[in-house]
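Listed next: structures, encoded as structure tokens.
Look for chain A in each of the two complexes below; its partner is chain B in the first and chain C in the second.
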Partner chain A sequence: MAGHSHFSPANVEEHFEFTSEGKRRVIIAFIVGLVATIIGIYLLSKGESGGHEIAAAGHEAAGAGHEAAQAHVSGGAVSHQAGAEEHYDWTNRIWANVWLNAVFFTGIAVVGMFFVSLQYLTKSGWSSVMKRVPEAFPKFLFVSIPILALVFFFKGDVIFHWMHHGVTEVGNANYDKIIAGKSGYLNKNFFLIRLLGFGAIWIILWNMLRKKSLEEDLIGGTDLFTQKVKIGTAFIVVFGASSSIFAWDWVMSIDTHWFSTMFGWYMFASWHVTTYAVIVLAILYLKDKGLMAYVNENHLHDLGKFMFAFSIFWSYVWFEQFLLIYYANLPEESIYFLERWEGHDKIYKASEVLMVLLNFLLPFLVLMTRDAKRTRIFLKIAAFLIIAGHYIDFYQMIMPGVLGKHGGYGLVEFGMVTVFASAFIYMISAELTKASLVAKNHPFLPEALHHDI
Partner chain B sequence: MSHVVSPIREHLVTGGKSYSDVTHDICKQVEGEPTKEWKIAFAISCVIFAYGAYCLFYTWWQGIGVWGLNKTVGWAWDITNFVWWVGIGHAGTLISAVLLLFRQKWRTSINRSAEAMTIFAVLCAASFILAHMGRPWLAHWALPLPNAFGSLWVNFNSPLVWDVFAISTYLSVSLLFWYMGLVPDLATIRDRATTKGRKFWYGLFSLGWTGSAKTWARYEYMSLILAGISTPLVLSVHTIVSMDFATSVIPGWHTTIFPPYFVAGAIFSGFAMVQTLLLITRVVFKLEDYITIEHIEMMNIVVTVTGSVVGIAYLTEFFIAWYSGVEYESYAFINRATGPYWWAYWMMMTCNVISPQLFWFKSIRTNLMVSFFLSIVVNVGMWFERFVIIVTSLHRDYLPSSWAMFSPTMYDIGDYIFSFGLFFTLFFLFAKFLPVVNMAEVKSVMKGVSSNFPKKVAKKSKSEE
Partner chain C sequence: MSSTTNYILGVFDDEDEVLHAVSEVKSKGIKIDEVYTPFPIHGLDTAIGHERTRLPIAAFMFGTLGMICALSLISYTMVFDWPMIIGGKDFFALPNWIPVTFEGTVLFTAFGLVITFCISNNLFPGNNVEPLDLRITDDKFVMAINLDKNKLGQDEITKALKSSGAIEVNVK
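Moving on, here comes the complex of A and B:
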């Protein structure tokens, strides 16, 4: 069969070299991002918008229409906006961005582990040839989990309405009965325990799996494989609970009054499809370097199918959540979408439309045909669209609640995402060099090398 | 698809079967006389069917006032049974479509009966829609047909109308998928036929299948295309069913997690039902070499995973009901667990969330008796899940003076029995007259997954490559 010719056994051990040239490029990107962030911060401190900020246009256009929209939004049973408005300080935007990126990249890192675990649990053969790539992703958790903890500890009150002074204190001017009712769950200590506890379990399980995986290259045999199936299963059980809990903690509780039972799976769907896109980009980058020749169009086809399918899955979850809230039209629920659609001087409306376009329509059309899923350029286009789209998705989840009408896309946003992305690339590249790019003793490797669809 | 299979995988066909053994083993029960066990089982299901048909007829004759509904609980067993059967009807398409897309070779031994079961379960569900209507002769009013009443259309905003589209689409595609998969096997039976009648009937339904390379290529394209079409259907049907409840503003019904959680629950109960049926079929028809312990273990794993997903959804709902701070919402859930219907709630929790956790032990998930018992437990639990969602959310009205309980009459029960009669009668007819395992597809994966695959055959097919 045709599949046989793609593989030449000579390449079975292969190492990625993170050259000084490569390092320099990533570091330059990091510095560019940092400089952009600093200029952005400087502009913000001067009261400038810092780049093309939609908010500015929104302010000018603020006429009767905007007034009406505001009244409509705050006319609901509850208003979250009040919190963001009262406490606004220009530095909030910095912390909001750190939080946004830390959550986004934590997701990409941890879903790398989820993907590998799932492959072990389901005994998937085809993916054994490329599993070293997602296996390296969780390394970034060593950076992102501490960032989340630090930002929460020192600047949590900027991000979370429920951490504002006095909201749970009876008799205080800020007292909020609904938030007080949640304080058994939403309080500083318990939040930190969950964050650090599950974060630590993620990292420990990944370390165990990674160690066994590298050991397998030296020893081989099926014992290590069975042990990894067990670690992977344990991780999936932990992740099943913790992914939902973190979605409530890190993102849903920003809009403290609001609630949606779908939210945990919605955020997971967003993280999940983004990670597929990152895996595809990483593999295509390595292939462009002349590495991983044994990952052929058949494996890419499968990854393309996953990007396609999980883009649709995200759309399903997003739309279902929207539809049910829209249909029942209960004020305490519908305010969430109302705020993003016509609240805050309508600055989030364009992103909302763009997000659905980038996350559903474009990947759906680009990846529709078989040929597209087997062609590198289409996969690259789709992967970039998906990553950008889901960055905006997280932006839409986090910014309206934290910044209200002071949000926008400026140098800080651009700079911060560049900083995080280059740090991510640096750490993952360094991790990739530590092992052969192919797990040469993986018991399913022969299946993967003969994969032909 | 490549035939390279890692040696650590379990065999999916045991006993060193050759291709002709497969044909013989599967065709045997179609071609032979009905066995005594089959006759007895079929007779029993016909009796149940007849009794149920009487109850259903009486329901239609008298109107749905014969049910135990009252003005507070206006929807109970009728919709519970409907959702239950639709849920069961999810496994077939999941196995034939989703597992095909995921290239799971173990699906080939079980897809035929799973798909048949799906179709029969959806028919049972449909019977409750008709029973609901009170006036079934006006059933076509659910369709958006041009009519003599001016601009009187169906209410397109209603999830019940979406149901009509979702389920009829699902039924059509499942039927098509099942039938197309049957064609090569029907042709096999036609070619082996010794009687005129059999040659005629199987010949008619095998649509002139020749078995040429071109027909096979088309067959494979068709399978993939239908799998692509049915995969979204697996999600859409129970999504829409969940919206019958979730679009409302009843506490306990209106919750955004409903669509994916209903889908997971449907796959859960569907797999349990496939397990129940196949554990019997493999013994009665002596198919232990095709439906192996490995298959049973795989299905038990799917049951555990989906059961746990459903468990997470239960806990999420409960947590968010508290977290929301909405009094009605919190009350609805506390009432479920501790109110007058506490037994239904804990029945659901035990059967659906706790009992499948036993399958974490390999010795339990490979034990046939325990698997059989737990597969029934799961479906009991899933019936209670729907009962809990529907009845306990309704029985505490907003006005305490309207609080009520629901007690079924013999017609609630009889109509439910009708669906069992219908289901088993159809399933036994299927099991006798059609091959219960897809011979053609089992043969297509045998090289590589069969233990002691005869060397001569392996060599021959290698030279053909």
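Moving on, here comes the complex of A and C:
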């Protein structure tokens, strides 16, 4: 290092301190979320789920009042969801929300690993100054994968139509030929094996990568780098299959009769762009605290380009999925959009429109110019829009199938997402303190420190 | 690059040196026309102080033109000239048209930009551009200073170039 001292990154080591003040704030947010959830659950148990809360959310006030009146009216179009309707119980909304948030935050966590792996696979230099941030994300898998497994194991029949009693038994009143035909893949044991198996592989590979990454801070050298390239490559191979499989399992199989060949891409795109938004917010937060000064507007520009590009990519995939279904006009396919547009007393229509605005149009306009991608405030606005938009995106994927016309935006939704978000922030912050914020012995660090676009 | 203009060419053989020389020469009040290099040098554009290209504005206009052309073509053929029912949709079925509109936009933008770029850089078939110094395609970095655009005389500029590390100074 001494030989070329003006490139030496030895002086860039710096540590993030998760202060007691910061901890207190996150814990307060967690408690507020928890209290909101509990009040929401209490209201649900009193049967006041619809009216108040949907009106409070403001978007669906029109549909809200009619919920009780139209409880028994469901259009022919939504009749195949009758299974979900019959089994409806007010607690279903709690489990649907736990599932929604667990899927959403699992995605953010695992795409952190995907991003780092991709940087290793492509031997990218620019990202080495900020890779410690996404590298910390997968820590949350330790929480979210067990939550997914437990909710599935105990309350899977609430969420998945194919787990309803008797749907695969010939002669049963609930017998459903189509679901029975899918039962070789969609059955409780195999689902759990996939969930835990791939979840474990994700966690193990991340642990290996993380360990080597921390080791590199101490000893340096390129051997560790090559080893991490191998781990990253292995992870991308696994993730290529498992992200699609989990998209089918966790979300698409909720609407068991329906399928889309683009769904794996669609959900991956949604996870991916959300994670970029979270990375940007995390880095900007650290920069606002005076840390990561070496992450300059050139790195932010690259991250902004990623956000911009992948919000367009998401829009492309979302629209292609819609267009093919719209064009072909097959009833068994178009039911999916019918439910989100006109079905269920139209309660999902407003958020469907809002989602496309938040995920496509607004980031597109906000991040269009070069200057916007280099300006913190625009990046922050875009990141918040994208995160909110993709939460609604997942809401739109999951809720119509699970809750039908009993869905809504209420205290349970707001509380639950606050609980998960603060838990995520707490775990990631704690993980960030364990290492220098910059991988100081990363072989490409000098390149990143001189990044200029 | 017509032969009537008077250029002073400072030849450098290191990219770091030419980068430093740019700010040094500029600080002496000399206006640099262009720096020719065999490969891109990070930070050179900002050092010379080039204005940002206006190509994005052209891109937007070509894109808008493409979008209008695509939409007019589809709506003329599918709605007015020869209406056809496809997939049971309305004649004016906008979602169906988005892919073609998108492709039209991209096509017009791409072609329009390439053509604009070539015209603005005097690049078109039959135009034989002679490099100011052939070695800029090999291993030398050449700083071109237009005498007509500078108040300082040839001698002073030559001195400034030499003192900031030019290995030779030529006039063309």
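One rule holds in what follows: the second predicted complex is superposed on the first by the 411 of 453 C-alpha atoms of A that agree within 3 Å, B and C clash if a C-alpha of one lies under 4 Å from a C-alpha of the other, contacts with A are read in each partner's own complex, and residues count from 1 in each chain.
Basically, a residue touches a chain if its C-beta (ideal position, glycine included) is under 8 Å from a C-beta of that chain, and two chains touch if they have at least 3 such contacts.
Computed from a predicted model, the values in this text were never measured in an experiment.
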* To do: After aligning the two structures on chain A, examine chain B and chain C and state clash or fit.
  => clash
* Counting only touches as set out at the top, which of chain B and chain C does A:Gly181 meet: first, second, both, neither? -> first
* Asked: Does the superposition put A:Ser20 against chain B (first), chain C (second), both, or neither?
  -> neither
* To do: Return first, second, both or neither, reflecting whether A:Ser244 touches chain B, chain C, both chains, or no partner chain.
  => first
* In the superposed model, does chain B or chain C contact more residues of chain A? -> B
* To do: Figure out whether A:Phe259 sits in contact with chain B (first) or chain C (second), or with both, or with neither.
  => first
* To do: Quick one: classify A:Gln321 as touching chain B (first), chain C (second), both or neither.
  => first
* Return first, second, both or neither, reflecting whether A:Asn189 touches chain B, chain C, both chains, or no partner chain. => neither
* **Touched partner set for A:Asp452, first chain B, second chain C, both or neither** => both
* To do: Share the list of chain A residues that count as touching for chain B in one structure and for chain C in the other.
  => 323, 327-328, 450, 452
* **Partner chain A, residues of chain C touching it in the complex** => 42-43, 56, 87-89, 95-96, 98-99
* Considering the complex alone, what residue numbers of chain A touch chain B? -> 1, 3, 123, 125-126, 177-178, 181-182, 185, 222, 225, 237, 240-241, 244, 248, 257, 259-265, 305, 312, 316-317, 320-321, 323-325, 327-328, 330, 332, 443-444, 446-447, 449-453
* To do: Sort out for me which residues of chain A touch chain C in the complex.
  => 319, 322-323, 326-329, 369, 450, 452
* **chain B - residues contacting chain A, complex** => 1-2, 4-9, 101, 103, 232, 235, 239, 243, 246-249, 254-260, 308-309, 312-313, 316-317, 320, 323-326, 465
